[in-house]
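Given below, in the form of structure tokens, are the structures.
The two complexes that follow have subunit A in common; it is paired with subunit B in the first and with subunit C in the second.
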Partner chain A sequence: MSFTRWPRQQWAPALAVGLAALATIFLANGLWMKVLTSVAIFTLTAMSVALLYRRLGQISLGHVALMGLGGWVALRFSHGFSLPFELNLLAGGVVAGLVGVALAYPALRMRGLYLSLVTLMAAGGFSIVVNNTQFPNGADGFLGFAVRATAYMPRPVLAQSDAAYFIYCLVVTGLGFLLVHLHEAGKPGRAWALIRRSEATAMAAGVNVTLYKVWGFALSGFLAGAAGALLAGSLQLLDAHSFPPADSVMICALTIVGGAWNWFGALIAALLFRLAPALLNDWGLNGNAAYIFFGLALIHALATAPRGVAGKLEEALAAGNRK
Partner chain B sequence: MAFWLFLMSGLAVGALYALGGVGLVLLNRATGVLNFAYGALGALGAMCAWQAMQWGWPEPCAWALSMAIGLAISLGFGALVAPALAKREPIVKALATLGLALSLLGVMNLLWVVTPRRLSLAYDALSIDLGGLRITATRLLALAAGLAVTGLMGLFLARTRVGLMMRAIAENREAAAILGAPIRKVEALAWGLSGLLAGFTGMLFGDLVRLDPAVLTFMVIPIVATTVVGRLTSIPVTFAAGLFIGAVESLSALAPPLAPFRLASPFVVAIFMLLWLNRGRALTFADKD
Partner chain C sequence: MIDISDLYVAFGGLTALNRINVKLDAPVVGVIGPNGAGKTTFLNSLSGFVRPQSGRVVAFGTSLLDLPPHRRARWGLRRSFQKEQVVDEISVEDNIGVVLDPLGLSRGEREKALTAAFEFAGLSGLRKAKAAELNAFERRMTELARCVVGAPRVIMLDEPGAGFSQGEVSRLRDFILGIAAFNGAMTLLIDHDVDLIRTVCVNTMVLDFGILIAHDATEAVMADARVRAVYLGVEEAA
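Presenting the complex of A and B:
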């Protein structure tokens, strides 16, 4: 991997993101800090959805459920073993990654619509199961939930305050981007590129199709699970109603609107998902009215702009550079 | 005895899933679009009907309004957006209807503040007694409508010329066009019929489930589960699957460890069906989804 191969138009968005993050740290108050922390976290989720779409051509309608699972495992480990936050984060990611592997099993036999339906059904099932088990809040037993218990998940030692935790989430999301970039620049990236073109061609070229498909799902699940653990750390406890299949569907739709082919497409998706409704509410409008725009934007993106908002931005920047 | 009671009440719930599923399969068979906006169409119809009844419209007019709204929006989407995506993969078409669903949900959230509402239909007052179990006429209406639509659609697809064209278009759009099938007209018919059904189903759901835009919009998820069992193409199998899932959901209330999870039955049944239908299949050399 080398950063010199990055096209020049990638630097402008990177700079903008950096400045926005700095401005947030110095200017945002409590509420907006929380909103932007969740933007950073959902960027990681959108990135994991985009990875599956971009590299394997699969559309997952269940990634918010994987986040919920990662969050559950992280809370469970945190209350059960009092481990440092980073290990809980990894545990959440690894378990969700394993579930990603389980999702890869149907993906070896189906793709496209049918596979999306499997993920959607899994998300629907998850929300019902978690509504019954609830998230661990420090009680005894395997489920670790009791109505009256309210133990909070400790945050990482380095990031106790909201502002520090925001930076922490940015760093983890950045590491996620790096992990994906390392994969795409290396051998798995080449294998995925062949698989997306044609599985038969990939096999003829000596690519282990099964291995790399499973690998892609595992990586995507890992990232979503880690995002769930970050969310658990942000709120320090989780609500069973926060992971409905509707949100899985929404983040997938917005990932396509934002643009699955650019790294900042995931960021745009998360901004639309978390910041846009909050801004609308702040301006006295009904935040849910943003759905009208989301829906139209999704149809527009599918019909005419397959690379999403990020793709359009990149074209504009490239055109600007040429002048 | 408890078994039969739960089975009957399960079938009553299943009738709703079945009716919803049949409308989805109808559209998918003719146009190859899995309509995620089906719930939103029904929700908008039911909300408008509720509003009309608040203004004192008679109930039949409210029914007509709900169905007219379903028809108009479905037809509009089918005429304006669907043709642009006709050559894309099924998943892209399905996602585009998701866009429609989100937009409709946004409109409903803007027009109606979230608050508990009730849609009461005249049929709620009527009921029959089956061995101690009271079944309202609204549920019977759902079951009868599901049966009627299944039967009529079967006849329509098998016996009429338009039905034949629909099947031909679903099989191969290009080839059907070459053979002279008026694709746009037939597809518009399918969109219209399915929209009409969505408006009708929305009224029943609004009455029997809950009159809430988000709840009704995302009711489409368990309904999609029933269509999966019929491979998104078989109307009778979808209808039977709806009843079966309703029965499983209701009967698992009898098994205490399963009871809290019974609402997950549509998803569990659908996942196992998908895995079973695709057993032993290797994707590497497959050309279709």
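Presenting the complex of A and C:
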């Protein structure tokens, strides 16, 4: 009875996530711990994509590149200044947030497909640049890369082991959710809601459309950059081939499949993106087969379930609630 | 008082507003005219969604055309749209309170303004409801509450009565008539419901093909031969 004031569709997913996290900590071996850490990290990325989609109605096809940028900056700061991990994380987030602001400027003039193309171009551009510069690995100079150098990025003091780092990622992703929630429940949330309805309505209500659009892109970029820094800490070095534009497109598609309107939609997106291919590989199937399924799922979501898997799940739980 | 001089708007070769000169000074002013006469363009130029090629609009001492649209709203210019613009995903309270966000009110002032607006619009019971749960009339009233909350100076309503029943229009009439006493704002009302215009508007202006053909006390305007010819229809001809 203690849950009567808190509807099942809200606490049930939270409980499931909590139990799954506990199970992971106690049961998962090295490989699966790494896979699930990456799920926690990509949940943060999917959340940042969902924020733009849900609140500003914009589709970004460049968020994995923003992750890569956040990761590059975190590695650069880590090797360059030996700062605590948290500061490297913040630096990665802030720089990616600033690039998010730069992407917001075309967004003031164009939207829909055209803006998505700009973000895709940015992702392609990042991929080319990073393939040439590589990620810092402890060498000298601004780029900090040398073929023979192999310095690893130190993890946070409190989270040296894989299990502790998994919890660390869960906490950071949780804080990300909290940050987004605080925005959505307050002034920016109301302003974004009106902008999504129509810019004329927002202006007529006194909303500074430019400011809030830029703000939304900055927050989204910050979260993606922080996710990139977490990924850098997880692997302790990054590979230039890990951030192809195709992944940016994929995480965006899966965010819509998972459900951009619920907090656990981002988690579903990350599970599909990282866990599903790993499971298929484990079962002796080709992990890439998942991509065929994802394409079908996207078409299905757009045609019949605009709120994604999470939306369907919430409906089912809410229906059970009323009985 | 709103002093409009030489307001001129053209879209390519189409003159939407042709050098409008008018001083609006009544608690409720009607704006009528046939379809395509320029009524909505008139409101849009005041809101800032259309940039006039020339002209000045001075409302209570402030030159409106110098301000970007969201600053006009903060100054106290509010409007509703022909198609209501309520946001489904947020609560009724947030739909209305969003207007107060940029004004820097204290928590107490905000609460007071919201409570008064909810009571005035007859929506008190729906404050925490999601806007998606509202019926068409409640949605319209939510949008109107967004227009009256706080301290607006000029409220522009674009066909608020379209599509509602007699009973609902009568509630709307009481609402519009009450605005001046509620917060002292001046209301501009576009509507095709001549009865509504007749009962709430002290003065009425008539547009036809972008030209102001009449502006006077509502009864005098309704009796004007030219207005009857272009808009109301002449009984003898019918």
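Assume the second predicted complex is superposed on the first by the 315 of 323 C-alpha atoms of A that agree within 3 Å, B and C clash if a C-alpha of one lies under 4 Å from a C-alpha of the other, contacts with A are read in each partner's own complex, and residues count from 1 in each chain.
Heads up, the rule we're going with is that a contact is a pair of C-beta atoms (placed from the backbone, for glycine too) under 8 Å apart; a residue touches a chain by one contact, two chains touch by 3 or more.
This is a predicted model, so every value here is computed, not measured.
Trainee: Using the superposition on subunit A, decide if subunit B and subunit C clash or fit.
Mentor: Once subunit A is superposed (C-alpha atoms), there is room for both subunit B and subunit C without a clash.
Trainee: For A:R190, decide between first (touching subunit B), second (touching subunit C), both and neither.
Mentor: second
Trainee: Considering only the touch criterion stated at the top, classify A:V147 as touching first (subunit B), second (subunit C), both, or neither.
Mentor: neither
Trainee: First (subunit B), second (subunit C), both or neither: which does A:V209 touch?
Mentor: A:V209: touches subunit B and subunit C.
Trainee: Between subunit B (first) and subunit C (second), which, if any, makes contact with A:A200: first, second, both or neither?
Mentor: Both partners.
Trainee: Of the two partners subunit B and subunit C, indicate the one touching more residues belonging to subunit A.
Mentor: The partner that reaches more residues of subunit A in the superposed model: B.
Trainee: Could you say whether A:A303 touches subunit B, subunit C, both of them, or neither, answering first, second, both or neither?
Mentor: Once the two structures are laid over each other on A, A:A303 reaches subunit B alone.
Trainee: Of the two partner chains, subunit B (first) and subunit C (second), which one does A:V157 touch, if any: first, second, both, or neither?
Mentor: neither
Trainee: Looking at the overlay, does A:L27 come into contact with subunit B only (first), subunit C only (second), both, or neither?
Mentor: So A:L27 meets neither subunit B nor subunit C here.
Trainee: Nearest approach of subunit B to subunit C by C-alpha atoms in the superposition, in Å, rounded to an integer.
Mentor: Value for subunit B versus subunit C, nearest C-alpha atoms: 6 Å.
Trainee: Could you list which residues of subunit A make contact with subunit B in one structure and with subunit C in the other?
Mentor: Of subunit A, residues 200, 203, 209 contact subunit B in one complex and subunit C in the other.
Trainee: List the residues on subunit A that touch subunit B in their complex, please.
Mentor: Those residues of subunit A that touch subunit B are 59, 106, 108-114, 116-118, 120-122, 124-125, 128-129, 132, 199-200, 203, 209, 244-246, 249-250, 252-253, 256, 286, 288-299, 302-303.
Trainee: Using the touch definition from the top, list the residues of subunit C that touch subunit A in their complex.
Mentor: Per the stated touch rule, the residues are 47-49, 69-71, 73-74, 78-79, 81, 85-87, 89-90, 94, 97-99, 101-103, 146.
Trainee: What part of subunit A is in contact with subunit C in the complex they form?
Mentor: Touch list, subunit A to subunit C: 187, 189-191, 193-194, 196-198, 200-209, 261.
Trainee: Which residues of subunit B touch subunit A in the complex?
Mentor: Going through subunit B, the ones touching subunit A are 34, 36, 81, 84-85, 88-92, 94-96, 98-107, 109-110, 214, 218, 221-222, 224-225, 228, 260-261, 263-264, 266-268, 270-271, 274-275, 278-279, 281-285, 289.
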